[in-house]
Amino acid sequence: MTVALDADFFRRWMSAVSAAVDREADQLTELDSAIGDADHGANMRRGLTAAVASLEEEAPSSPGAVLALAGRRLISTVGGASGPLYGTLLRRTGKALGAEDSVDPGRLREALRAGVEAVAQLGSAARGDKTMLDALYPAVEALGDSGDDFGAARRAAEEGAAATVPMRARRGRASYLGERSVGHQDPGATSSALLFAALADTAGTVATGESA
Amino acid sequence: MTVALDADFFRRWMSAVSAAVDREADQLTELDSAIGDADHGANMRRGLTAAVASLEEEAPSSPGAVLALAGRRLISTVGGASGPLYGTLLRRTGKALGAEDSVDPGRLREALRAGVEAVAQLGSAARGDKTMLDALYPAVEALGDSGDDFGAARRAAEEGAAATVPMRARRGRASYLGERSVGHQDPGATSSALLFAALADTAGTVATGESA
Amino acid sequence: MKMLINVPETVVTDALRGMAAAHPELTVDVENRVVVRRDAPVADKVGLVSGGGSGHEPLHGGFVGPGMLDAACPGEVFTSPVPDQMARAAAAVDSGRGVLFVVKNYTGDVLNFDMAAELAEDEGVQVARVLVDDDVAVVDSTYTAGRRGTGATLFVEKLAGAAAEAGAPLERVEAVARQVVESSRSFGVALSACTTPARGVPTFDLPPGELELGIGIHGEPGRERRGMMTSGEIADTVVDAVLDDLRPDLPVLALVNGMGGTPLLELYGFAAEVHRVLGERRVAVAGTLVGSYVTSLDMAGCSVTLCQADEELLRLWEAPVRTPALRWGI
Amino acid sequence: MKMLINVPETVVTDALRGMAAAHPELTVDVENRVVVRRDAPVADKVGLVSGGGSGHEPLHGGFVGPGMLDAACPGEVFTSPVPDQMARAAAAVDSGRGVLFVVKNYTGDVLNFDMAAELAEDEGVQVARVLVDDDVAVVDSTYTAGRRGTGATLFVEKLAGAAAEAGAPLERVEAVARQVVESSRSFGVALSACTTPARGVPTFDLPPGELELGIGIHGEPGRERRGMMTSGEIADTVVDAVLDDLRPDLPVLALVNGMGGTPLLELYGFAAEVHRVLGERRVAVAGTLVGSYVTSLDMAGCSVTLCQADEELLRLWEAPVRTPALRWGI
């Protein structure tokens, strides 16, 4: 069953990400303290809380406008590496979604692909560098051609995050550690997995007709 | 048996104090960290090491000169409260001993009495203030009229030091603690007990004819 | 870990309120997190703007004032500030002659300052950017995010600040900054980890009897752990690491920097050892600054930055400066 | 506890070697442990000499220079210096107009400075002495050694130093110093104990979740232990303790002082709270100095010193000063 995803769906997605990040903030910070600077949880929480507040206040009416606003808020409230990167992910995805009132999952998948590409370009990073990209790329692929295999995307993101453990970091702070970055899961890849888990949860409530 | 105490006796006394302080330095510092600033052991060790070195180098020929030199060295190497106080104790005692080649114990006792008085005056302190005076006064008294009851003086000094435990300090750093100074033994009284223990040990080797 | 704070969420704005109270010579916009010298924009002067995560104080806010920065933008603890801050700062200090962003080389700082530059340029401010990347503990290769920016930031801000104060145009101020970056290298050592307010426990475990070599200034672990060393041995290791990468044929300016939790008494003793090693290596020292200037909260440890200085840089170093943390000549 | 030292026995002389290396404007006699401003004795100027145990850096050596101290004498860590040091310093700085000893009120300091005064007077130097006793945590009565000297020492050295620099005679310099002492009070709080090099473990146990009120600057325990408080609550407690003893009807100079291990970020946040409390208590603030100036090695914590200042003291405060740790106007 293919559903049309409206602005409300995207708002609920963002709320679900925010809730998940709230719940997992300490865990994200813990991962970041092993190979980074112990702020990823606080960063994501601050940004998403601000984004959700803005979405409630401004209530943008299109999916594209929702993600673009959320992205802008991340950029102007997070700082660090994750602020511009996640901000760009959402902004570019939103831009690619255009101004329509609702989009189908295939369209979302293409937009996400553009968003992830923008992240890779902004951060000059590639798959295997032990970053959020190692969760984002496989997740977008796993959405499938019709773009609605949200469950697969969630699993792919989680596996992608787990697969960063043996990697040696080549981008971001963890790269300073050289070999010592091996053996730890990347915090950004972990938060990306939360992004897709929230997407699957949100889609699940749509598919079964539940309200959020 | 009354013996005449010569310069060599006084040098050996000072060496014995130095050795005792070396041995007990950590313990003195430990006591000082409870109600002071954790330096009494290092202070006494530094001063007595310097004093003994000077005594070896200059080899003063009279008991009075030995104590006066030791006292001056304490003053110029220790610092803190104990430097001027112990320095004054030894200098004044030395001065009171005069320039003779040897002195009898009764004379030493009178000289020590003058030295202890000088300490009390310099520090504006009295018995019961929880200071070195609480070991010094009883020790000098216990030397007896003939001044040769060194064993009794040692015991009196030790008891005097132990008796500082329940006192509330009224002089020195410990006084800052008010009621919280109660329950700890005064470090200066403890080092004074070492002074008299070393005197008894030195006298013991004289009495039994052992050499140091 | 106990801290002298209200709640972790407000440490940065609380500190800004304190700066406002203590430094009437600065304009502190607490809400927007920008510290600006009171007389900005100074007519006909290139503006110097820096910023970065908080927790490195006095860097950068303590370096705002005549002869150094025009504005500083503090982020959350160890988190780069957001573009809006730097864009606002640029607008506040631009006299029409352009603004130089002094950016420590971290992914977050680079990305956020780049975005800020776009915003500022949209508003008609000419922006140049210099990246500070002096930390030789990081191998500068395509396999890393490049060397980190640490102690050399102080030299860049002081020397480029003096050039700007003297009326140099943007290209010249930028060129001075670049020269300082190219002439400066640093290396740091931690004796203890630091504790961020948000986390509340040390960022890594450093057992008694061990130290961490090649640390950054964000509480990250370093590249290597070693048994405890004496101050003299640490000086040998640190200075040699720096000289491995920088072979000065001119006199150097030396920053003997405390990481925050190291007493000044120890730091001066370490400075003596640094001078000993530099003498043994036949490196002439033109000036030495000893203090905790580029810190990691309460981390115990030290870093050494050497900046090879020609006559002009030395002149710029001597030039008057008047900031909360660095002040001479005025 | 790890330290950046060689061996505990040489920490003081190592630090003096470092001061000598970093500060060519000072004459550092490492062997005799005296730090003197290079141009001493300054013709026709009263000499200002201070000193005390080491471990409080930058106090006192960091305050030697034009407008402040002529010489400083560092003792061992937390141990007053010996009389020979102060006598030597007095001889080095006396221009014939006499010397003022600035002495923090501790039994050891008092006794050693008194002996030094005797020695100096034997050499024909006229010596006056001022005792600094500002710490309201100690009840000043016949049952104590009197209030301790802590943060007010900075104000005494700065303000009397300015008077001396301006050419005031010994009695006047002494009178200024006394006025500052009478007008200043302090109170301190520890969040952690400090560790002396000789002992190597913290001087007292301070469990997580507790702090110590009314501490001195020698790692002594304070008078009272309390559950952990916020920065705002600490400011209320500390400022009120000071104002209990000092009821200013003039504006105050405020020193918001870190004990050594407290990050500047936290200290500025605390300064904001101190200002808030002073505002609530209707005390006007004429100037605020924030930093770790009178420290206890690596102790985490803070103290507040308030000095009620009339027009003349404010003028002396503004007067130029040029020392390693305090510098403005020149």
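By letter and in written order, the chains are A, B, C and D; residue numbering begins at 1 in each of them.
One rule holds in what follows: contacts are C-beta pairs under 8 Å (C-beta built on N, C-alpha and C of every residue); 3 or more make two chains touch, one makes a residue touch a chain.
As the structure is a prediction and not an experimental result, all values here were calculated from the model.
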{"item": "Target chain B, source chain A, minimum contact steps", "value": "3"}
{"item": "Most distant chain from chain D, judged by the mean position of its C-alpha atoms", "value": "A"}
{"item": "For chain B paired with chain D, centre-to-centre distance based on mean C-alpha positions, whole Å", "value": "32"}
{"item": "Separation of mean Cα positions, chain D and chain A [Å, integer]", "value": "54"}
{"item": "Chain C: positions in contact with at least two other chains", "value": "77"}
{"item": "Shared interface positions of chain B, touching two or more other chains", "value": "none"}
{"item": "Pairs of chains satisfying the touch condition", "value": "A-C, B-D, C-D"}
{"item": "Of chain C, residues touching chain A in the complex", "value": "53, 75-84, 106-108, 111-112, 115, 137-139, 142-145, 148, 196, 198-199, 203-204, 216, 218-221, 223"}
{"item": "Residue ranges of chain D in contact with chain C within the complex", "value": "1-7, 10-12, 14-22, 54-55, 57-58, 62, 77, 191-192, 208-209, 211, 228, 230-232, 234, 256, 260-273, 275, 285, 288-290, 292, 295, 297-298, 300-302, 322, 327-330"}
{"item": "Chain C-touching residues of chain A, taken from the complex the two chains share", "value": "29, 33-39, 41-43, 46, 75-85, 122-123, 170-173, 175-178, 180"}
